[in-house]
Amino acid sequence: MANDIKKVVLAYSGGLDTSVILKWIALTYNCEVVTLTADLGQEEDLDGVDEKALATGATRAYVEDLREEFARDYIFPMMRANAIYEGRYLLGTSIARPLITKRLIEIAHEEGAQAVAHGATGKGNDQVRFELSAMALDPSIKVIAPWREWNFRSRTDLNNFAEQHGIPLPVAASRKLYSMDRNMLHCSFEGGELESPWLEPGPGSYIMAVPVEEAPDEAEYIELEFINGDPVALNGEKLSPAEMVKALNTVGGKHGVGRLDMVENRFVGMKSRGVYETPGGTILHVAHRDLEGICLDRDTMHLRDSMIPKYAECIYNGFWFAPEREAMQKLIDETQKNVSGTVRIKLYKGNVIPVGRKSPYSLYREDLATFEEDDVYDQADAAGFIKLQGLRLLGYKK
Amino acid sequence: MANDIKKVVLAYSGGLDTSVILKWIALTYNCEVVTLTADLGQEEDLDGVDEKALATGATRAYVEDLREEFARDYIFPMMRANAIYEGRYLLGTSIARPLITKRLIEIAHEEGAQAVAHGATGKGNDQVRFELSAMALDPSIKVIAPWREWNFRSRTDLNNFAEQHGIPLPVAASRKLYSMDRNMLHCSFEGGELESPWLEPGPGSYIMAVPVEEAPDEAEYIELEFINGDPVALNGEKLSPAEMVKALNTVGGKHGVGRLDMVENRFVGMKSRGVYETPGGTILHVAHRDLEGICLDRDTMHLRDSMIPKYAECIYNGFWFAPEREAMQKLIDETQKNVSGTVRIKLYKGNVIPVGRKSPYSLYREDLATFEEDDVYDQADAAGFIKLQGLRLLGYKK
Amino acid sequence: MANDIKKVVLAYSGGLDTSVILKWIALTYNCEVVTLTADLGQEEDLDGVDEKALATGATRAYVEDLREEFARDYIFPMMRANAIYEGRYLLGTSIARPLITKRLIEIAHEEGAQAVAHGATGKGNDQVRFELSAMALDPSIKVIAPWREWNFRSRTDLNNFAEQHGIPLPVAASRKLYSMDRNMLHCSFEGGELESPWLEPGPGSYIMAVPVEEAPDEAEYIELEFINGDPVALNGEKLSPAEMVKALNTVGGKHGVGRLDMVENRFVGMKSRGVYETPGGTILHVAHRDLEGICLDRDTMHLRDSMIPKYAECIYNGFWFAPEREAMQKLIDETQKNVSGTVRIKLYKGNVIPVGRKSPYSLYREDLATFEEDDVYDQADAAGFIKLQGLRLLGYKK
Amino acid sequence: MANDIKKVVLAYSGGLDTSVILKWIALTYNCEVVTLTADLGQEEDLDGVDEKALATGATRAYVEDLREEFARDYIFPMMRANAIYEGRYLLGTSIARPLITKRLIEIAHEEGAQAVAHGATGKGNDQVRFELSAMALDPSIKVIAPWREWNFRSRTDLNNFAEQHGIPLPVAASRKLYSMDRNMLHCSFEGGELESPWLEPGPGSYIMAVPVEEAPDEAEYIELEFINGDPVALNGEKLSPAEMVKALNTVGGKHGVGRLDMVENRFVGMKSRGVYETPGGTILHVAHRDLEGICLDRDTMHLRDSMIPKYAECIYNGFWFAPEREAMQKLIDETQKNVSGTVRIKLYKGNVIPVGRKSPYSLYREDLATFEEDDVYDQADAAGFIKLQGLRLLGYKK
C-alpha cells in the first residue's frame, strides 16, 4: 500500500509528537507531507508553525483559522441538542475532530493527496473520530495512524527518533504534567496522577478557569440571548459564534465555572479518567436548557431528552458525519424553532445559576400557574384526567 | 356516593388548609374523619398535632414516624436509578406522595374507612400522585379531593369558612411568602414572585441550605461509602438511611448545596416555576453517579441512562405503584449489584465536586489507561475495530 | 357556554347516529349546523348525503373528496415511519381523524362557526383524536361531543329520539353486526361477539379482503416502486397516492391480505378487542420495510426502529398535530431520502412475501457478502473489532 | 502464543470444514484437540461423529444432547422478550452460539485446555458471538478462529488441504446449494442465488417448512397454554421446552409457517441476505404477543416494546452473557409474571392467526369495552382527560 501513497495531509500542531510523525511519514512512506494546522481557539501562538513544518520536511504548510466554522457548525448544533456524554461530559474534544478531518480531506482533494494522517494514539477515542470521519467523507483516501504503525515502544524511543532527525525536544521546564487537548470549547487533562482515580487533580490541571476558591467574592449576573436555540447576544451585545464562546469562556473562567473530574467509558472499550474545563460551554448548556423550560412543549422536550444519550454517543464515538446523527439533528433543529429568548444567569465561585428567563414564545402562562381561579383551566377536569390515567392500573395487582 | 362514606382517612398536616378540609369533609359527607400525620423529616414540631386534629373534629389521629421507611424504600431506590426530571429536578416532593398514600390506604383498611382524602389542589401534580397511588393500591377505596369539590372560589372563602368553624388562622407574621412543601429530601417553593419566571427568587426561599455567598470560605471534604448503590457510611461512620439523608442535608445545607430554580412541565399540562432545595439528595446524586463511573459497565450504564427520563416521569406523574416502574426497578437494581465503594467529595459554596473514587469492583484498569504499552490491549486491534465500525458508512453519501 | 355558540360544523356520515346528533345539536344549542361529509375512500355512496343533511336540519352541507390529500399527507408520511401500534396495528382509523378535524376547523373559520362536533363516543379513542387535533389547530373553537353530553342511556333512547324527530331508522336487514369504521386504508370491526376475546370473529367481519381460504390458488407477483419512501408505481404503472392505496387494496383484498384480530390498549385506559382489515396498507408496510433493508444504513434503521412505538402512540393517541410528532417526522423523512427502488412481492392466501428488492441507492454489496475473498474487507480486521468490543466485559463477573 | 496452547476444545459438527479445522489446529498449534458436538435439535444423525473426530485426530470427542437446556434457558427467555431483529428476524442462529460457547469453556476447564476454537468465518456474526461469549465467561481462555488465521484463499485451497490429510470430501450429490445453519429453532440459508437480493429463493431453500402452496387446504386450530410467558402445553398436553419447540415445528412446518427472506445488517458492518425458516418459533412469537394483549398493562407493554430493538441487538451481536442483557432480562421477566393463559391459533398456508385468547389474569373487562353504560367508567371523565392532555398544545403554533 505504501508505494501508492505519494502525498499525505497531516494534522500538525507544531509540537514534538506531530513533528516526529511528519518526519516518520516522509521517511516511511517515502512521500510528500503537507501539513494542516487549524486554529480552533486553542489559544496557542501559531506564528511560525508553518516554518517549523517546512523545516521538518513538509512540502506545504496550511495554517487556517477555523474558529467561526467550528463554533457555528459544530459547537452550536451540538449545544442545541444539549449533548452530554454519560450524564456529565460536554464533548469538548470529540466535537473538534470532525472539522479537522473535513479540512484534511478537502485539502487532500485540492492537493491530490492519497492519504491523511493524524497524531492520535491507538488507545484513545480520537483515532476513531478521525478515521470514521474520513471514511464517511471519502473512503478512497487512506488514513495513516503512525502511533499504531511504528515500532516505538515508549516515549524514549520517540525522543530518540526526534534527536536523530534534528527535531528539538521541549526543554524540561515546559514539559507538560498531563496529556492535554485544548480548543475553543474546552481543555482536557489526562495522565499523571489522574491515572489513579482516587487521587485529587493537582493545581496544574487548571488553564481555562480559576479554582473555585480563587474566583471573585462577588457574584456576576449576565444575560444571554438565544435565537432558535443558538446564543446571539451577551448582555445585549451581538456576538459572532466564536466571539460568543470566547466571551463566555472569559466570564466563566473568571468565576471558576465548568470543571469536571470523571471516569468515563471510551469507545475502544476501557475506562479512563479525565479532567475537563468547559467554562463557556457550561454556561451555554445551563442557559439553553433553562430557556427550553419555557419555550419547549413538554412531550417535545421529553422526546428530545430521550435522544440525548444516543446523540452524545454519536459525537463521542466519532459518528458526526453519520446518517443517524444527521437524522437526529433534523429532529433537534425542528424543536429549536421557538427556543428564542433571554436567560439571566448568576455566576459565583463555580456556580451557574439561572435566575430568570423570558421569551416571546414562552409557553408558561402565569394565569394557569397561579393557585387562584382562571378561565382556561377547570379544576374539575383533573378528576376525569386522573381517573382515566389510573384505569389501566385497576385489576393489575393479583 | 356521599352517603356510602362513613369514615374517611385524611392526610393531615395540622395547618390551616387541612384543618379546613377536616371540618369540611365531616360536614359535607356527614362522616367520621380519621387523620394521619406522617413525619417524613419535614422538621416541623408534631407535638400536639393529634390534639389539634381531635379538637377540629377528628375521631382518631394517627401521628407516625415514617422517616426510615421513606429513606430506605422510596428515596434510596429512586437514587439508585439516578432519577432526575427534565434534566434537573430530583423529585423531592413527588417521592413522598406514594408512601403517604400507602399509609392512608392501610389505615383505611384497619379502620374500615370507605375513603381517603388529601389536601392537594386541582392544578398540581400532587393530587394525581395521591389518587393514582390509591387506585393502584385499592381502587375500592374512594378518594376525596376537597380542593376540586368545594365551591370556595378564593383563599378568602377558605378563610371565612375557617373563622365560621373556629379554626384559627395563622397570625400575619407567620404567613408564608410561598407555597411550600418539605420533607427529609427537599423543600419546594412556589408562588409569590416566583410566578414570574423572570424574577429572581427572594431571600425567603431558603430553608435547608444557606445562600452560596454565606457558605464557609473553607472547602470541606467528605467520604461517602456505598453498598449496592445505597449510601451506608459517611466519613467512616455507618448511618441508617434516614440518618444518612439528614447528615448529608446538614453538611450540604451548610455549604449552600442543592438549590434549583426552574420552570417545569406538570403532568396536568401547564408549566410552573419552582425553587427546590435538595442539599443531601444532590450530594447523593453526584456521588452515586461518580461511583458508577468505575463500577458500571459502559453499555449497562448507557442502557440505564436511556431509562432515566421514563423512570423519572413515572415518579413525577404519580406512577410509583405502577407495574412499569416496578419492572424498571428490577433492571436498575440488577445494575447496582457491583456499585459498592467510596467517593471522596469536596463541598464548597454550592459546589459538589467528586475528587476521588475507589471500589473493590472497579472496572477501571490503570494498565489499560496508560499511554505506555500493556499486555491486555494491542493497539493494532484498534485498526480492525475502526474499519468495521466504518464499513456501514461506505457508499452512503450519494 | 351554549348560548355563545351560533354555528357548529359537524362531521356527518349520513347514518343514524350523526343524523341524531345533527338534530340534537340544533335543538340543544339552538344554533345553525353545517355538515361536512368527507370522502376518505370509505366506498360508501355519498350521493344524496347533502340532501339528507339539509332535510335533517343542516343549513349547509359540505361533501368533499379528500382522498388524495388523505393518502399523500397522512397515510404516506405514516407509512414512511413504518408506524405500527403495539407491534401489530397499522393505525387505519387513527390516521383519518386529524384530516377530518383539519377540514372541520377550516370550514368553521370560513363559516364563522364557534364550534365543531363529532360523533365519537365517550369510551373510545376517536373523541380524543378529534378534540386534540382541534385544540392544536385552534383552541378558540369549541368541540361538542354529544355522546358525552346528552342523557341518552342506551341505544333505545337514541332510537326513540330519532323516531320523535323523523329520522329514519335503518331497516332490520341492514343493521350492522359490528361497530365499523372504514376508510381508504382500512376497515375496523368492534362489538358483537368480538367483545369476548376468546370467540373467533364471524364471517360478517370481512369487507375489504376475502377469507384466506377463498383467495386464489395461484400466487400473484407484484412489483412496487418507491421514491423517497413513498410508493409511486405498481407493476410499472405510475399511480397517484390515492390510486396506489386503492390498487393495493384490490390486489391485497383478492388474496386475503392484511387482516388482524387483536386486543389493544386504548388511550382512555381500557383494553378493547378489534378486527382490522388493511389489505393495501399491509402490502405497503411489508414492501417498505423490505426496501429499507437495502437502502437504510444499519444505525439509522435501528434509531428509527426505536422511534416507532413513540411515533405510533402519537398517532394512536391523537397527537398528529403535536410538535413531537412533527419533530419525529423530520427525522423520519431525512432517513427516507435514499429509500428509492423496487420490491417484488408474492401474494398468496394472506401471505405478503418479499422475494426480491433492488435500488440505485442499495448499500448491499455482493462482493462483501460473499464467502470468498474481496478487496474491501480484510477478515483480520474482525479480530481487532471483536477484541475491543469485548474489552468492557473483562473483569465484570465477580 | 501458539506454544502456550497444549489443548484446544473445538466446536465440531462432523462436516468437512470443522474436520479440516480439527486437523489444521492440531498441526499448526502442535496440540491436542478435544471436540464438542452438541445436539441442539439440528436433526442430523450424530451417530459416529465421535469416531469421525477421533479418526481425524481428536484426543477426545464429546457428543452432548443440549436440547432441553437450549429451549429452556436460551430460546424461552428470548421469546419472553418478543425479541426480533430489524423488525423481522427471530434470531434463530444467534441464540445457539452462547450455549455452545458456554459448553466449550466448561469443557476447557474440565480438560485443562488453554483455548477453544470455532469454525465461523471472518465475515459473519457467528465469530463475534462465539468470541464475545468466551471473553465474558473466561477471558483467560484463548479463542482460535482458523478461518481468520490460515492462509487458504478459497474453498479450493481448503479442499486440497482436506485431500492431503485424508479428510473425505462430500460427494457431489450431497453438496449444499447454500450455506446453512440449523438448530431446533430454525434453519438459515445464505449464498447461492441468494447473494443477489433481487432473485427469488429457489426450491432448495426449504427444510423445516413446506412451501405455502403445498400446505394443507384445511386450516388447523391449536391451543397453546403459557405460564409466566413460557409455553407449557399444546392442545392440552404438557410438553417439556424442547418437546414444545419440536411439536410446534412439526405443526408449523406442515402449514408452511415461519419463512423469512430479508437483507439484514451484520454486526461486522455489511449487509447480507438470508432466508430463514422458524416454524415453531413464529407460532410462539405470535401467540405470546397475542396473550400479552390481555395480560400486560399498557405502559408496561410499551416500555417493554421500546426495549425490544436493544435486547434483540444484544443477542444478534453476541452480547448474551453481557450485563446489559442480563439487566434487561430482569425487567422482562418481571413483566411476564401475569402472562399466563391460553391462545387459540389458526394455521393455514403460512398464516398464523390468533383467533381467541383467555387468561385468569386478563385485564380485559367486557363491561368497560361495551358501548353501553357501565359502573366503572364515567364518560364525562373523558372530557377532563382530553382537556388536560391538550393543555400543553395551547399556544404552541406561532
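Here are some notes:
Labels A, B, C and D are assigned to the chains in the order they are written; within every chain, residues are numbered from 1.
Methods note: a contact is a pair of C-beta atoms (placed from the backbone, for glycine too) under 8 Å apart; a residue touches a chain by one contact, two chains touch by 3 or more.
Bear in mind that the values here come from a model prediction, so they are computed numbers and not experimental data.
Steps from subunit A to subunit C, minimised over paths through touching chains, total 1.
Chain centres here are Cα means. That of subunit C falls 33 Å from that of subunit D.
A separation of 41 Å divides the Cα centre of subunit A from that of subunit D.
The distance from the centre of subunit B to the centre of subunit D, with each centre set as the mean of the Cα atoms, comes to 43 Å. Within subunit A, the positions touching two or more other chains are listed as 265, 268-270, 297-299, 302, 310, 322-323, 363, 365, 368, 377, 380, 382-383, 385, 388-394, 396.
Interchain contacts join each chain to each other chain, per the touch definition above. Residue ranges of subunit D in contact with subunit B, taken from their complex: 265, 268-270, 297, 299-300, 303-304, 310, 319, 322-324, 326-328, 330-335, 388-392. Interface residues of subunit A facing subunit B in the complex, by the touch rule stated above, are 82, 86-88, 121-123, 127-128, 131-132, 135-137, 139, 145, 147-148, 153-155, 179, 191, 195-201, 212-213, 217, 219, 259, 261-265, 268-273, 289-290, 293-294, 298, 301-302, 305-306, 309-310, 313, 317-318, 321-323, 344, 346, 348-351, 353-358, 362-366, 368-373, 377, 379-380, 382-383, 385-386, 389-390, 393-394, 396-397.
Across the interface of their complex, subunit B is touched by residues 297-299, 338, 361, 363, 365, 368, 376-378, 380-385, 387-389, 391-396, 398 of subunit C.
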